[in-house]
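Below, each structure is written out as structure tokens.
You will see chain A twice below: alongside chain B first, and alongside chain C after that.
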Partner chain A sequence: MEMDLDTLLEMDPYALKKEEKERALSETLKSLTIYHRKHCEYYDNLLSALDVRDGGSYYDLPMLPVRLFKKYELFSVPREEIKKVMTSSGTSGQQVSKVFLDTRNIRSQSRVLTHLISSFIGRERLPMIVLDTKLVKKDRKMYSARGAGITGFSMYGRNIFYALDENMELDEGGLREYLAEHGNGRILLFGYTYMIWQYVIREMEKRGIAMDIRDGALFHVGGWKKLKDQSVDSETYNRRVRQRLGNLAIHNYYGMAEQLGSIYIECEYGHMHCSNYSDVVIRNPKDFSVCRTREKGLMEVVSILPTSYPGHILLTEDEGEILGEDDCPCGRCGKYFKIYGRIKNAEVRGCSDTYERP
Partner chain B sequence: MKDLNLLYLAGGPIEKKEPVTPFDDTVCAFLDDLSKEIRKDPRARLYPDVASFAFYCRKANIAHLKNAYPDRQLRMGRGLAFQIAPSNVPVNFAYTYLFGLLAGNANVVRVSTKTFAQVQIICEAMNRLFEKEEYKKIREQTAIVRYERNREITDRLSVLADIRVIWGGDHTIAELRKSPIRARCTEITFADRYSFGLFDVKAMLDAGEDAVARLADAFYNDTYLMDQNACSTPHMIFWKTTGDAADFAKAQERFWKAVHTVCVRKYDLADIKVSDKYMNLCRMGIDYPGLFKVTRYDNYLYVLTCKRMPEDICALRGSYGMFFQMELSNIEEICPVIHEKVQTCAVFGINENEVRDIVIKNRLTGIDRVVPVGKTLDIGIIWDGYDLVRQLSRVVG
Partner chain C sequence: MTNREKYVQAFVEGLEINADQTEGLAYEAIPEWDSVGHMNLIGCLEEAFDIMMETDDIIELNSFEKGIEILKKYGITIA
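Right, the complex of A and B next:
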């Protein structure tokens, strides 16, 4: 049976087990595929050219390379119904992804995101510290993706405080004042993985200061590339964040502009979790066959949310591996996994391009 | 050119141009010694491209090439050739130098700033020979240089040149043409080109297992070896029909399966290549609706079978092992899509002269080269429609 969003929103977001989930996801993603073929000409042209076999499972449905959203304007609703075009720079920096959202898709994204976040922190809005600068929201051109992330997450907080000033300097005094006022109860913190490290944690270490948050939940996103270059792994990261900020539950999460809403949140055991709304399939790069548990490969991400654009089944350029399914000690069902980050660039051979571009 | 800030990998600044006649005796002797010197280097064995260059400049081959120039005593090098080698084909600089030298010129060859062991092996061998008194003259006429992209240096070298040779495609040519050359100076440019194959269905069905395996191996060298990025690499294979569609189905499957076998054994299919190739496949599906149906042999090989003749084949490019194919009832059906961008036609089971005749009879502007599969990357004096020794020399009439 197809998944129904209203029903799913009534359930625990990590309740579905393997068999039930696979059956429901297959039905839902198959009908989404049919829907998008009917309403998005590019998508239909592409699928007609591919050698798609129908094995009955969503594992057999065609994946779109996530980069395709940088090259084509893909949407499945009449143009005039599009209310928002999400953009993201991705990695290459030159071209941006364009994700076309109608009212329904915007709403389902936000409802699902709320459902997932609140399963970790409850439904009540908490005092919130953004470990970034207010400027990212003002200067839209420079920081569109970063600013949008902060705006989106701010829905879950109240009395929002920005820990960095417009020069990206840590506002130590302001932070202490804020904690004096709100530090007795639970606090929500949000920021970008690398920004937190570089401008908050490293800075506090340099200044030799620490805060003593008694009960906080930190959500962070953005990738580990720069931290990897500095040989900082997640254990080191979490340890040093706690040393400087206090008693925090730390939740890294994985998501992308092309599948907003159905994000993958790290549990207290450090595992990223698929929810009822999403799944991850690891593909062997040699033939796109499905990798076994604990086998590294390219990550395919699926989500039941994309209705206004054909982004329900995507092949990412990230590497990852499945750690297990339905058996994480945290009690959440569904697959849980680990991400290794972006695949490496290769040296390309050939005879063009004498003058290397800078 | 002494005052220019250049790194000399071989030779040195050229003080005076002293052109000689093509296939000058000292030049020929030098090339044969260079061949021997390279082959003495144990590292050369690790690089098939270095080995084939050494093989190319040995005495017997040069003597053979010389035969095509009975008029050589009435010709001379133009003076100084300024040559810009491509960045991603390591040994190309050596061939372009060899052609400039054989034509009788002083040569300034700019090699890529990317460092390749092949460049080092060849330049070191040259430098060892340059220590000999008998090759002093050649040393004085040779400058293999490396410099970071620098307009001022390129300007200065361009003004010195009597002929400028630019490899590297349309973008590089446009970039370098910003540096003016003198009025008498001529230019040879190697622009972006497109190449294809022409195979016979019957020949594929008649070939023995070994022949098909050898063909697949040769095809691998034409394509995967350079990630399909060389201008003479085929992207589209046209098949001459037997009249029976089932024969085509069998023949193409036989061929591609053999190619797949070679790839699995030899090709380094990096994750990023898979990602790029799959992306490219999807783009083709969107850009050319209804044109083709793909058959995937894992991610090593994608074969896109066209249902009709595309308007412009030159846009149908693959990389890392993605090919288009189409069955033709008559090989002259290719004529409408052959224009000046088309360079090499690689044949299997088709007579090379038959293709050359089609070019002439139909007054085509494209196809400069017809070679058997496996030979598309073999560079020679006749390249891209130019006779390089004649282009690089002048007539003393």
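Right, the complex of A and C next:
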């Protein structure tokens, strides 16, 4: 049976167990593959050139290397139906990914993101602190993942306060005032992993100040590379964030512009979780065979959401490992995993058209 | 101000458009009503009618007319 979005939205987003999930996901991703082949010529050409087996499971379906979205404009709907072109933030000097979204895809992304977030914080919109600056609206048609992330997350909050001013300076007075007004109840916080560290936590440490949030839920996303360079791991990060901001449940999450909506959220045990809408498969970078649990490899991410572009099965350039499935002490079903970040010399592997000298 | 006037005014302020652009307007139909504009609009509606909308309704509010229907849930009638 194929997965039906409306049915999934009625369920707990972490309810599906291994067998049932694998069966449903296989059916759904298989039809998505057929659909995208029919509606995206480039994708069809690419798959025709590969030896695509029609195996029983989604493990056998063809993966697209994410970097293809930087090289090609891939979409499966008529051009005039595209309402939004998402771009990835991409580090400087690199080409950005372009993701083409129609109304249906935008809507399903929002609905699923809401389902996932609200399973952690409830459906009520909470007072919200954005640990970032209010981004100016520049070219709105091509807006960056950073701006989109903040705007997208704003839906879960109310009375939004931006903790950094336009010069990226921490607004200590404003923050204290905001907490005096809203600090009695639960508070939602959102920001980018490194920005929070650099402009909020390090700054508060420098100034020797701390806030005393009584009950907060912090969601943060973004790369760990710069933090690793400073030898900051997630335990250190969480400890020092709590030291400066107070009693927070901290949820790092993983997601990519190419699969917005079906994000992977870290639970209270520090494990990233696949939901009913998504899955992670770890691949051996040498032959792309499936790695065992607790074996490091390249991350393949699948999502049932991409309908306007062929991004449902992607090979990332991130390294990770599966920690377990259906048995996390937090009670959520599905696989849970750990990420190690971008693999070194990512450009030497992946699609043959991307050969670059290091 | 009637509820309808307030409603139109929220679109005018939230999206920074003219009142004559509001009727029949749909999300993403004009550059002003993108996700950034949308959250401004929600803020203006919430302030104008002193309500707090649920996240699902924020997502579903994808046209001028749909908004009128959604606001009924919050006890607001727009004639």
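A few comments on the model shown:
In the analysis below, the second predicted complex is superposed on the first by the 332 of 358 C-alpha atoms of A that agree within 3 Å, B and C clash if a C-alpha of one lies under 4 Å from a C-alpha of the other, contacts with A are read in each partner's own complex, and residues count from 1 in each chain.
The rule is simple: a contact is a pair of C-beta atoms (placed from the backbone, for glycine too) under 8 Å apart; a residue touches a chain by one contact, two chains touch by 3 or more.
The shown structure was predicted, so the numbers you read here are calculated from the model rather than taken from an experiment.
Of the two partner chains placed by the overlay, neither chain B nor chain C lies in contact with A:234. In the superposed model, A:119 lies in contact with neither chain B nor chain C.
Look at A:83: by the touch rule set out above, it reaches chain C but stays clear of chain B. Of the two partner chains placed by superposition, only chain C is touched by A:110; chain B is not. After overlaying the two complexes on the shared chain, residue contacts for A:156 are found with chain C alone; chain B is out of touch. In the superposition on chain A, A:315 contacts chain B only, with no contact to chain C. Looking at the superposed arrangement, the partner reaching more residues of chain A, out of chain B and chain C, is B. By the touch criterion stated above, A:67 is placed in contact with chain B alone, chain C being left untouched.
Put simply, chain A uses no single residue to touch chain B in one complex and chain C in the other. Residues 84-89, 92, 112-114, 149, 166-169, 171-172, 175-176, 190, 192, 225-231, 269-275, 278-279, 281-286, 288-296, 298-300, 304, 319 of chain B touch chain A in their complex.
Within the complex, the chain A residues that touch chain B are 41-42, 45-51, 64-65, 67-68, 71-72, 285-288, 298, 315, 317, 319, 343-346, 348-356, 358. Considering their complex, residues 83-84, 103, 106-107, 110-111, 114, 118, 123, 125, 137, 140-141, 143, 147-148, 151-152, 154-156, 158 of chain A touch chain C. Within the complex, the chain C residues that touch chain A are 27-28, 31, 34-36, 39, 46, 52-56, 58-59, 62.
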